[in-house]
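Residue numbering begins at 1 within each chain, and the chains themselves are lettered A, B, C and D in the order written.
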Amino acid sequence: MTETSTQIGTLDELYGVLAERSYEPLWTIKGALTPEPQTQMVPFLWPYDEVRDLILQAGGLISAEEADRRVLAFKNPGTGDHEIARTTDSLWAAIQLVMPGEVAPPHRHTAAALRYIIEGEGAYTVVDGQRVEMEAGDFIVTPNWTWHEHGHEGQGPMIWLDGLDLPMVHTLHLVFADFTGSAPAANGQSTEALSSGRLLPAWNGGQTPRTLVWKLADVEAAFAELASAPGSPYDDLILEYRDPTDAGNPLMPTLTAYMQMLRPGVETQPHRHTSSAVYHVVRGSGWSEINGEKFSWGPGDTFSLPVWAEHRHANPGNSDALLFSFSDRPAVESLGLLRES
Amino acid sequence: MTETSTQIGTLDELYGVLAERSYEPLWTIKGALTPEPQTQMVPFLWPYDEVRDLILQAGGLISAEEADRRVLAFKNPGTGDHEIARTTDSLWAAIQLVMPGEVAPPHRHTAAALRYIIEGEGAYTVVDGQRVEMEAGDFIVTPNWTWHEHGHEGQGPMIWLDGLDLPMVHTLHLVFADFTGSAPAANGQSTEALSSGRLLPAWNGGQTPRTLVWKLADVEAAFAELASAPGSPYDDLILEYRDPTDAGNPLMPTLTAYMQMLRPGVETQPHRHTSSAVYHVVRGSGWSEINGEKFSWGPGDTFSLPVWAEHRHANPGNSDALLFSFSDRPAVESLGLLRES
Amino acid sequence: MTETSTQIGTLDELYGVLAERSYEPLWTIKGALTPEPQTQMVPFLWPYDEVRDLILQAGGLISAEEADRRVLAFKNPGTGDHEIARTTDSLWAAIQLVMPGEVAPPHRHTAAALRYIIEGEGAYTVVDGQRVEMEAGDFIVTPNWTWHEHGHEGQGPMIWLDGLDLPMVHTLHLVFADFTGSAPAANGQSTEALSSGRLLPAWNGGQTPRTLVWKLADVEAAFAELASAPGSPYDDLILEYRDPTDAGNPLMPTLTAYMQMLRPGVETQPHRHTSSAVYHVVRGSGWSEINGEKFSWGPGDTFSLPVWAEHRHANPGNSDALLFSFSDRPAVESLGLLRES
Amino acid sequence: MTETSTQIGTLDELYGVLAERSYEPLWTIKGALTPEPQTQMVPFLWPYDEVRDLILQAGGLISAEEADRRVLAFKNPGTGDHEIARTTDSLWAAIQLVMPGEVAPPHRHTAAALRYIIEGEGAYTVVDGQRVEMEAGDFIVTPNWTWHEHGHEGQGPMIWLDGLDLPMVHTLHLVFADFTGSAPAANGQSTEALSSGRLLPAWNGGQTPRTLVWKLADVEAAFAELASAPGSPYDDLILEYRDPTDAGNPLMPTLTAYMQMLRPGVETQPHRHTSSAVYHVVRGSGWSEINGEKFSWGPGDTFSLPVWAEHRHANPGNSDALLFSFSDRPAVESLGLLRES
């Protein structure tokens, strides 16, 4: 007090006192108030031939105990030197290889996760005690703080895409993780008939288990029904994965996922939005133009869409193209920050 | 004014003036404020042998033009002479027979309807242009003001149970009906993959069609998953039909429906509630005690549960019993009038 | 069984058997499916001079013990001989007189109630232990199953309008009433600062008490703010009473209430809806045309608006007119039966 | 392809290839998955004597054109060298001085803001064209993307606390700002009677304007009503500011605010949660213990509560203490990341 009531003679002197006592004039925030979002993240494409080759070579080079290194993150080239790798500002995507006989022990964290199975069959995951078999084309969710583990009881390599909201949760300093606690025992029970949301146990405490897996065959059937629909001018036919037991809400509070079909000859209109996304090509080939740069893609390729980047898609070929994608749209929307143009 | 300011000398004189001028002292309402609900409706059972014989004989006695008379309502014996037939105060149930080649033209009304198919296959219904094939075990909804029609392109008699909220809608004087307007054309399209609520068209205006039909096989699968669940003390295993595209809400604003499994040897606890219901036996046999009276039932039988009637169920046999039922519970609940004891 | 399998020879014989065994062919319901709602209720107006004179004369003719007869219901002339008096099909309105020193003991019922205070001050009501002082212009709610009682500690007669959903609750056979149980003690506490909904106790179990009373002065202030608003073409300026602690929902599940201002010279457009209403004139004079019949009204008059009746209002004078009204709109809407044209 | 299919001989070689091609093994994320949240932010207290002296001295040193520098942010000492100043990871708080005759031109941004007025009267703010007068004790909100401006038409310095969610919005790369567009004209209209949420314009398009200002007198009245309530073991009496026109939701999607009263002699229990907060002392004195460190506070002091920091409060004196605080709890909760222990 005595000190601060000392008369300060110049602006420079004032700034010195402020810095020393943990104050800051308005400057910093003024610079932060940009007319539009600024990001270091760039659009980038990781070709599947390269991804697959590298993950398989990594599989051969590292020992069994190091099996959890058989995960390669798609690190956006805009990531800074001392920052956590991320694919967009809020999303982290990676390729994971699991070999027959391998097991990942149960753990959980506040980062929510999802998987899209690219190759193989015979592996399984257990989410909060509910066991789900995995095969190519499956889309599987592991919500925030659910126990999860996996293993591979089949033949041949199993490869999938992992998607997490970790950069967002980490940035908000809200990471909890548990690698040592006791997960509930796997019950081996399939509950998909119930979890379709069509039948609800009506007695007190009876609860429909939430949906964990969506099969590609169901997605294909839905596209078949919609074959003659007009679709979206920006995305052609696009389906959002939803939990029928909680139909009014997005899949998870921070993440949602889509499968979109670009019909032959389609070239969509450009648009942009304040959610970011990671795309993975399931089948077909085509191109996407992001902030003026054209990315040609084929089966297995993965590419990033930063926040507020203008983009459009095209399928110049003669057969359908399928793009899987996931996005932080639910978080952006619930914070009141979703915009599109 | 001049008249009314006349001095009235006695209570009798007052009552005369009041009656003449459309006033009434508090009496009437006082009598209406009973400690508990009063109803003329009684518990009653209509045996299927009788029902089936009468509807088939009716089918033979009436001409093709009168085919819409092949509907027999379950008229509660408590219904008054000049009142509309009803099964409980708010619910109307009936048996309907459709013969091969018959067609019912499209119509719609503000009374909501549901059907449970008892016998036959090869018939269809069209609800707001969406065609649904019907076979035994199906549960089908026709919400308020949806166009509906049906026909029978198969072999043999088709028999189903109809359930409507007509007594409630009629009592509230809110009936609209349209027998002459143009229904949307049947599009022959099945949309069940979409309407499971697992995949939602994500473009603007894309809407998941609502669920119209639930198959018995799915219900059986759900019961199989729940085989070792504790169940409800009042109802054993009981599943509510839900629309996965609108999972937070009951099936219709006025009606919901259940399938319950009474496992061998089960005898439930008595309870009562301010919703009324109609039960239909899908398979097995047993008994229900309603307000102290025991009703033995077997396959195809239908019985009524009036408002606030104490009831319990038992399956003394060696195999499962399945009871389908529908109820006005959503209406009672949304009006803030649901109670159980 | 044996009986029913007997061959029935004629339609007449069939009808006899059906009637005897509690079945009914489709006829009844067919008749019930009218193109538009049918009601016996008529538009009717009860002039306040007459109402006030009769209730005061009744006050003088009946003894203290019979004080609860100082309630005169507005009985719609369309009410049948053996039916409960009602003002519209779902609403019951009455005038109530309370003299200084009189007390009504606590009771509760599943019929929800509201009051609009017409004359006097110095009376109070206690709703579930929360005491509210009453004066002319107050609007007060007594939701379903809340304990309520009242007394008059002031001078001069106290006159108010009572509105209940009793005809609806009675028709649905869902009346419970309790005249003998123990009401919570009156706590004398005003909680209006909290119940404005602007400040919410944030600790576990802390709950904002629901709003019970709205003052005319606040209503007048709101109209002053809206003086230059365009208003509704059907109702001019109309405000719905809302509970700010539960702002997303109507006042009660079955009832809502409005105050509307007809500005000088206003003549509204006709419309109709499937909710019914009772209007009470707070100040000013004008006329309403209902189903083609014109009703001129002045301060204190009460009139009924049946279901689906076309109506419009006019204020040909030089000063504002205020109409209070209550309606079953929330019930009709939650049952999916609301329509307007 | 050709390159990547080259055999890679060692792990080091592999890591080189991965880095070059924008992949990263699982390491980074593993390190990010900490058992509990990690933050650089520390608890810190800025005393009001110092704050007030510095802002007034700053007011004298800078010219009129630089008036927007009369804002001093509370910069958490844990903030890194090249980072935007912040008070906690998600919240930014500052002290603002406005002198008579000064005006801040209209602007808007996706960062949401709130103000608590510490000293003075005669200033005003305009939020989306709605003008609100400001005096000490007022709490005022400026939601995401609303136009806002202010001016001072009174005497003497006006000092307030600003709270923004800017660090969160900036971190998510979702900042939009507009300093040049046209704000709606101030209409000079107070709409507080409507915005209490008790009266809702019922015509189509009529909308109750949202609540913008809460007066300290109303807060004091609410505390008076709750004087004998048990309160929270962690916070004693604590009230959350709510918008009665939207009572089911928090004040803003990212921010909420509280006023809490620590009654004389109170010492609360410790707890912690994944939301962070900034506290400002309105009156009284006491201490708060945060992560084991005790901070003594008096009127006008401001202190920070980082994420997941254990804390408790005490008022050892003989008169009430009032603490205003704001928090990112709504954001943390809607993302599914709220925890307390």
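Operating definition for what follows: contacts are C-beta pairs under 8 Å (C-beta built on N, C-alpha and C of every residue); 3 or more make two chains touch, one makes a residue touch a chain.
The shown structure was predicted, so the numbers you read here are calculated from the model rather than taken from an experiment.
J.: Show me the overlap between the contact partners of chain A and those of chain B.
T.: Where chain A and chain B might share a partner, there is none at all.
J.: Based only on mean CA positions, could you tell me how far chain B sits from chain C in angstrom?
T.: The computed centroid separation for chain B versus chain C comes out at 30 Å.
J.: How big is the gap, in whole Å, between where the Cα atoms of chain A centre and where those of chain C centre?
T.: 54
J.: Report, in whole Å, the distance between the mean C-alpha point of chain C and the mean C-alpha point of chain D.
T.: Each chain reduced to its C-alpha mean, chain C and chain D end up 45 Å apart.
J.: When you check chain C against every other chain, which residues touch at least two of them?
T.: Residues of chain C never touch two or more of the other chains.
J.: For the protein chains shown, what form does their contact graph take: line, ring, star, complete or other?
T.: ring
J.: With touch defined as at the start, can you tell me which chain A residues reach chain B in the complex?
T.: Those in contact with chain B are residues 189-191, 193-194, 196-204, 206, 211, 214, 218-219, 221-222, 225-226, 229, 231-232, 234-235, 237-248, 258-259.
J.: Applying the document's contact rule, which stretches of chain B touch chain C when the two form their complex?
T.: 1, 4-5, 7-8, 10-11, 14, 17-18, 21-39, 41, 44, 46-47, 49-51, 53-54, 57-58, 61-62, 68-69, 71-77, 84-85, 89-90, 92, 94, 109-112, 143-144, 164, 166, 168-179, 252-254, 274, 307-308, 331-332, 334-337, 339
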